[in-house]
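Would you mind keeping the following structure in view while I ask a few things?
Letters A, B, C and D name the chains as they come in the text, with residue numbers starting at 1 for each one.
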Amino acid sequence: MIVTTSIIPSFLETRKASEEICTPLHTEDYVVQPIVDVSPPKWHLGHTTWFFEEFILAKYVQGYKRFHPDFAFVFNSYYESVGKRVVRTDRGNLSRPTVKQVYEYRNYVTNALHRFLEDNENDNVLDLVEIGIHHEKQHQELLLTDIKYILGHNPLLPAYHETFNEHSKSLKPKTNFITIDEGVYQIGHTSTDFCYDNELGVHKVYLHQFKIADQLVTNKDFLAFIDAGGYRDSLLWHAEGWDWIQNNNIESPLYWHQIDESYQQYTLSGMQPLNLDAPVTHISYYEAFAYAQWADCRLPTEFEWEVAQKYFDWGHRWEWTESAYLPYPGYSKAPGALGEYNGKFMVNQKVLRGGSIATSKNHTRYTYRNFFHPHLRWQFTGFRVVKDNQSHKI
Amino acid sequence: MIVTTSIIPSFLETRKASEEICTPLHTEDYVVQPIVDVSPPKWHLGHTTWFFEEFILAKYVQGYKRFHPDFAFVFNSYYESVGKRVVRTDRGNLSRPTVKQVYEYRNYVTNALHRFLEDNENDNVLDLVEIGIHHEKQHQELLLTDIKYILGHNPLLPAYHETFNEHSKSLKPKTNFITIDEGVYQIGHTSTDFCYDNELGVHKVYLHQFKIADQLVTNKDFLAFIDAGGYRDSLLWHAEGWDWIQNNNIESPLYWHQIDESYQQYTLSGMQPLNLDAPVTHISYYEAFAYAQWADCRLPTEFEWEVAQKYFDWGHRWEWTESAYLPYPGYSKAPGALGEYNGKFMVNQKVLRGGSIATSKNHTRYTYRNFFHPHLRWQFTGFRVVKDNQSHKI
Amino acid sequence: MIVTTSIIPSFLETRKASEEICTPLHTEDYVVQPIVDVSPPKWHLGHTTWFFEEFILAKYVQGYKRFHPDFAFVFNSYYESVGKRVVRTDRGNLSRPTVKQVYEYRNYVTNALHRFLEDNENDNVLDLVEIGIHHEKQHQELLLTDIKYILGHNPLLPAYHETFNEHSKSLKPKTNFITIDEGVYQIGHTSTDFCYDNELGVHKVYLHQFKIADQLVTNKDFLAFIDAGGYRDSLLWHAEGWDWIQNNNIESPLYWHQIDESYQQYTLSGMQPLNLDAPVTHISYYEAFAYAQWADCRLPTEFEWEVAQKYFDWGHRWEWTESAYLPYPGYSKAPGALGEYNGKFMVNQKVLRGGSIATSKNHTRYTYRNFFHPHLRWQFTGFRVVKDNQSHKI
Amino acid sequence: MIVTTSIIPSFLETRKASEEICTPLHTEDYVVQPIVDVSPPKWHLGHTTWFFEEFILAKYVQGYKRFHPDFAFVFNSYYESVGKRVVRTDRGNLSRPTVKQVYEYRNYVTNALHRFLEDNENDNVLDLVEIGIHHEKQHQELLLTDIKYILGHNPLLPAYHETFNEHSKSLKPKTNFITIDEGVYQIGHTSTDFCYDNELGVHKVYLHQFKIADQLVTNKDFLAFIDAGGYRDSLLWHAEGWDWIQNNNIESPLYWHQIDESYQQYTLSGMQPLNLDAPVTHISYYEAFAYAQWADCRLPTEFEWEVAQKYFDWGHRWEWTESAYLPYPGYSKAPGALGEYNGKFMVNQKVLRGGSIATSKNHTRYTYRNFFHPHLRWQFTGFRVVKDNQSHKI
C-alpha cells in the first residue's frame, strides 16, 4: 500500500511564511530598490505568486481568469521566453500595484491553486507546484536579505526586529582541520526528494588529499586580516577584486561601521558592537579569497565541500567555494521557460554551498548549489578554509 | 493708522494645500523616484517642512527641539553650506521615515511655527516665513508634476484624479500676432509684494520691433510639425537637441502614445484621446525651438515676453523663452545658505515665463523667472512664437 | 576702374600656415585624441581640406575627381546633412589615412582649387573660399591648443618648441577700471570685411553704467584666490561648477603642477616656473565666475566687452563673458549644410571675446564671438572683471 | 657530460620576430588603441622590452643605466607591486615615446642583455630570461590580433599583408567523433621543458565517457546556426550572453560583413568572400556555447580536451572550453611581482586550449592554458563540440 502525502500543507505553509517575513515592515519598506540586486519586497511577493499563476493556473485550470491582465508584465523576472518584463532596474520605480493589491493577488492565486490541487494532484502539476514552492523558498531568503539591505542603508538605520539573532550557533574556541583522503568520490543528488536540475547528473570526481576547517572564519580572524593591512596589499587579490575594492572604497565587510576606534555592525536587530566570536558575514568572494591568500590557505572546491560536509556543522552562512558555477556532466536543462531557471546563469558566477540563517526550513541540503557573482555581499555569506600542507598562519 | 495683515493664514493655507495635493495618493506613491529630476512626494512634504525648521525654528525659537536629529540630513536638498545631504539620486531608496512620520513632522513644525508667529512677527522672521511659503508653493508645482510622472510611467497607468482637467481654458480658432514697437523698456519687479532675488535689479533693455502670438502653439499645430517629419530633419535642431532625440528615441511630446494610427495622451485623469485644440505641453526647449525653426518663427526672449504679456492671456503652461537664465544687472545674492536659492543655477538653463495649471494660487506674476535645463519635459511646458517679418508658415 | 584683390594669396598663405604649425611634430603626434574635445592634428589637416573639396570643388569643378572616395566619411565633422561621419570619439582610433596621405590630399586639393580660382573668381565661389579660409584659421587655433593638450598630457612632457612664448605682452603693475556710461549702444558687425553670420544683425542694446578692468586677471591674482580657499568654498560656485570640481578633483588651472610648495606650469616650451605676472589661462568659465564672486566683482557681458574694448588691449587670451551664446535679433542661418556652421550650437555655451596667442593672423576682430561649454579649459582662456560699485577686493 | 644549449639564439630570435610582425606597418599603425583590450603595437614592443629591463637588467647588472627614467611608468602593464603605471585605457593617447625611440629602446635592452648573457648564464637569470622570452611570444600573438583589429576597424579597411593566409590547413569533408572512455586521467605539465605556473600541479581527474569532434566547427556550420535564427532565440544563450548580443547588436562573428545577400570577411589580407570550409573564428564563448546548445552538443572541458588532443589535429584556432580558469590543486604562485603573471586572473575567465595561426613558433603545447573573458572575440578563437549521447543535429 502506498501512502502519499498531500502537497497542500507544504504549499500553504510556504505561502504563509513569505508573508510572515514581511510582518515587521511598513508599507513603504515594500517599495524601494536601493541597488539593482535588491528587489522591493512587494515584488518578491508578487513574483512568487505570478510563478504559480503563469506556469500552473493559466495552463492547467480551464477558464482560469487572471487576477490582472498586466501583472504578468510587472512580475515576470527574467523569463525571456514568456514575454516582456519590467527591466530589473525599474522595479523600485513602481508604486502600483499597491501592497494591498499584491496581498489580494496572493490570496487570489493561493486560493485558486488550493482549490485546484484538491481535485487535481496529477504528477505533472505536482512537479510544477513543488518547483513553485522551492522557488518561493529561494525568494524568502532574498526577501530577508533585501529587507536588511533596505533598512541597513537607510540613514535612520531602523531595526527589522528587536530580537532577531543573526548568530545563534556557538563556535568552538579553536578550529580543527579534517583530513580527507585522496580518491574517487561521487557527487550529486541521489535521493528521490526534490532537487534542482543543477544538482543532477550524479558523477565521479577525483580528489587529492586536503584538510578542511571544521568551522567558519570568524569576525576576529577577519579583523586580524584587516589589521595586517589585507585590504592594502595588491598581491593578495585577484586583479578584478583589487579594482573592485579600489573603485568602491571597500575596507571591511558590508554593514561594518568604524566608529572612533572600534567596529559596529548593522544587524537585523539594529546596530550592535561587532561580535568577535561570530562567523564573518557579508563578504564577497574576492575578500574570502584574499583572506585565504593572506592565511596561506585556500577556499575549498564545491566537491571537496560536498565530500567533507558530513564531518562538520554547516547552515549558518552561505559558504563561498573556489568553484565556478558550471553544469555537471550530462546536465540538460528543462525544455521551455522553466529551462531558464538555472542553466543560463552558468557563467561568471561562483558556487556557494550550505545555507544561512535566512534560508527557509527544509530548503537546503548538502548537494544544493547556490551561486552569485563574486563581488556580491548582501547575502549572509561566509567561508571556511582548506590547506594542502602544514604551513599556515591560522 | 497702519493695518498689517497677519502672515499666519497664508502660512497655514499653504501648508494645507501641499497635503491636499497628496490626498488621492496611496502610501506607495509617496516613496518612488523614477528619474533623478522627480522627487518622491514624501520628500517634498518633508523638505518644505525642514526649510521652516532649519532657517526659522532652529535659529529663532529658544530651546527649540528638532523633531528628529537625522531629518536635516534626509530632507536637505542642495544647500551645500548647511551640511551633508542625501544625494539626489538616492531619495527614492529611502523607505523611512514613513509617510505617517512625515505628516507628524509636518504637524510638529506647522504648530511650532504657528505658535511662534502669534508672538513674534518681527520683520526678519516674517521675511523668512514669506520665503518659506513661496518655497513650498514652488514645491507644490513639482509635487503635482512629479506625481504625474510617477503614475504616468507606471505600466498600469493609473489616474491621479478622474476629473482633473489639464486644459480648462479655451483657445481662439485663430492666433493673432501683436506688434510691439522698438524702444527702451523697463524690466524687473517693482512693487512691494514678494518676489525672488532673481527678479530684482530693475533695469532697461532695448527691444527691436517684433510680433508675438497672442496664444500658445496647440497640439494640432505640433502634430503638423511631426507629420511634416520635424523629428527627422537635423537642420531644424540644435546639435545637442539632435543628439538628445537620437539617444532617447524622442518622436513626440512626453506622455503621447501612438496607438495604431492615432495619439493618446496620458493626463492626470488617465489616458485620453489627444485634444487637438489644447496647447501642446510636456515638450523640451529643443522641441519648441525646432518647431519654431520649421515654422519660420522663433521663440520670444524673456524681455519681449515681459513687455508684451499684458496684451495676451497666460498662466496655463509654462512658456519656454530663447533667454538663458542669467543674473540681472546689479544682481547680488543673499548672504549665507539662502543665497544658494537662485544664483547658483544661473548657467546652462533656459528661462520660462508665465505659469501652469500646476502653479499654486498667487504664486506666479509677470516678472517671475522659472528655469529648467533645455531637455526637461516633465513640467507643463508650452510655448508661443514670435516673428520678425511677414514670411511664416503658421 | 575697380581694382579687386585676388583671394589666391590669402588662400595659399592659410593653407601653408596650417602646415607650419605642425612642423615640430613627430608623425605619432598627428594621430592621438586623448579626450573627445581634442582632435588628432592630422584630422584637422584633412578636415579643413575636405571642406574645400566638399563645398567647392565637388560642386563647381566639372568632372572633379575626389582624391579618395572614403575621405568625406573620415573627415566630415558635424555636418549631419552631408552624410555619415566618423563619430567624434573615434577619431583617435584611425591610423589610416597616414600623415603622408593627408599631406598628399592637402596638396591635391590646394592645387585643384588654386587652378580653379585662376579662372573662376565668381562671387558665389569667392564667398565659399573666404568661409573656407576662415574655417581653416579657426582650426589652426584648435591645432595649436590640441597639440598642447597632446604633449602636455604625455608623461614625458615634451616641449612643442623650445622658444615658444605664451606670454609676450607685459601687463601694467596695477589694473585700472574704465567707466562706461549708461545708454543705448550699437552691437554687431558693420564693415564689408568678412564676418560670421553670428556677428550680423546689427542691433541696439541698453547698458547700465559699469566699470571694466583695463587688463586681465593674472596668475598672481588667481593664486590669491587659491590660497584663500576659493576651490573649497561652495558658495562661490555655480551648482554645476561645484559638482564639476568635485568630480574631477580640480584644484588649480589646467597645466599647473604643484611640486613641493610651488607651482610649475606646462607651456608650449615645456615645463616652466609659474609666471606670476602673466594673465591666468586654461581656466573654465566656472573658475572665472568663482574668482569674480570671491573678488566681489563679476564678468562682463559680451555687449559690455564690445562697447568697452576700444579702451583696453586685448588679443592675448580668449576672455570668458557672462553672456550665453544666443542669436542676435534677426539672425537667420545660411540655407543647407553651411547653415550648420554656427546656429546649431546656440544653447548651453558661453561667449568668449577677443582672441589668443593661438589665434591666426587677421582672424579675430572686436565683433567676433567665440563660444565654448563652460567647463572647457584647453583653450588659452582668460578673463577680466567688471564692478558695478566701489566695494571690491582687488 | 652534459651539453647545455645557450639561450642566446632563442632570445635574439624572439626579439627579432616581434619586429618582423611589425614590418608591414606604417608609423601611425603603432600608435592607436581603438578599444581597451587592444594595445598599440608600439606599446607591445616597449612593454616586452621593459620586462627584460625591469626584472633582469635592473636587478642583476651592476651599474645598469636605464634607457629612460620614465619608460618603466609608460610600459608597465599590470604589475601593481612594481609601481605606478599608465592606465590601460590611456595607452592610445600617448604619441611619445615615438616608434623610433621604442626601437632604440629595444636595441639598447637587447644588446645589454645579450652582453650580460654571454658572461652570466646562472640559473636564476636563465629562468627569468626564459619567462621573458615566453612573455614576448605571448605578446607577439596579441600584436598580430591587435593589428588586425586596428586595420579591420579602419573605414579604409587596409590589408596587413596581401598574401597572409588565415586558413592554411584543410579540413575533412566530414567531422568524426572520437570516443574517450570513462576513467581517471592525469592532467598537467610533466616534462622539463618550459611551462607557466598555471600548468603545474600535476593531478588526476575523473572523466566520464564522451565523444569529441576530430575537427573544428566551420563557417558553413556556423552559417547554418545564423540562418536558423540562432542569434534571436534567447533559450540558447546564457543570460549574460543574451544581454551582450542585445546591447552590442551582435548578429555574426566579428569581421563578418553582410553585403547584399552574402557575407564578406575582413582578414589580414583584406576583405575576402567568406570561406565556408574554414573553421569559424572571432567568436566569443557565448556564441560558441549558443551554437552547441542549438546543435544538441556541448563544449569540452579543458580536461577532456587535454586527454583527447592526441587523437586530433589542433593549433589553428584557439579553442573555447567549458572550463572556468581556476588554479590546479596545489597551485602556488611565484613570490613578488612575477607572481602576478597568472594567478590574479583566475576568476571570471574561460580557458582556451590549443593555439592559433597567430601563435609564435614553439610557444604552445598541449598543457598550455590560455584564458579570456567570455565576450572577447578579437583573438583567432574557434571551438569543437562534444556529445554525450547519440542525439545531435550535426
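Here is the rule we use: a contact is a pair of C-beta atoms (placed from the backbone, for glycine too) under 8 Å apart; a residue touches a chain by one contact, two chains touch by 3 or more.
Heads up on the chains, UniProt names are A, B, C, D = Ergothioneine biosynthesis protein EgtB.
The structure presented is a predicted model; accordingly, all values stated were derived computationally and were not measured.
Student: With one step meaning two chains touch, work out the least steps from chain A to chain C.
Tutor: 2
Student: Any idea how many Å lie between the Cα centroids of chain B and chain C?
Tutor: 36
Student: Between chain B and chain D, what distance separates the C-alpha centroids? Give it in angstrom.
Tutor: 58
Student: Taking each chain's centre as the mean position of its Cα atoms, how many Å separate chain C from chain D?
Tutor: Centres of chain C and chain D (C-alpha means) sit 46 Å apart.
Student: Multi-chain contacts in chain D: which residues touch at least two other chains?
Tutor: none
Student: Treating touching as the only link between chains, describe the layout with one word: line, ring, star, complete or other.
Tutor: Contact pattern: a closed ring, each chain touching exactly two others.
Student: Looking at the whole structure, which two-chain pairs count as touching?
Tutor: Contact pairs between chains: A-B, A-D, B-C, C-D.
Student: Using the touch definition from the top, list the residues of chain D that touch chain A in their complex.
Tutor: Within the complex, chain D touches chain A at residues 78, 80-81, 184, 203-206, 208, 234-235, 237-242, 285-286, 289, 298, 322-324, 326-327, 329-330, 336, 339-340, 344-348, 350, 374, 388.
Student: Can you list the chain C residues touching chain D in their complex?
Tutor: That would be residues 26-34, 70, 73-74, 86, 90, 92-99, 150-151, 153-156, 158 of chain C.
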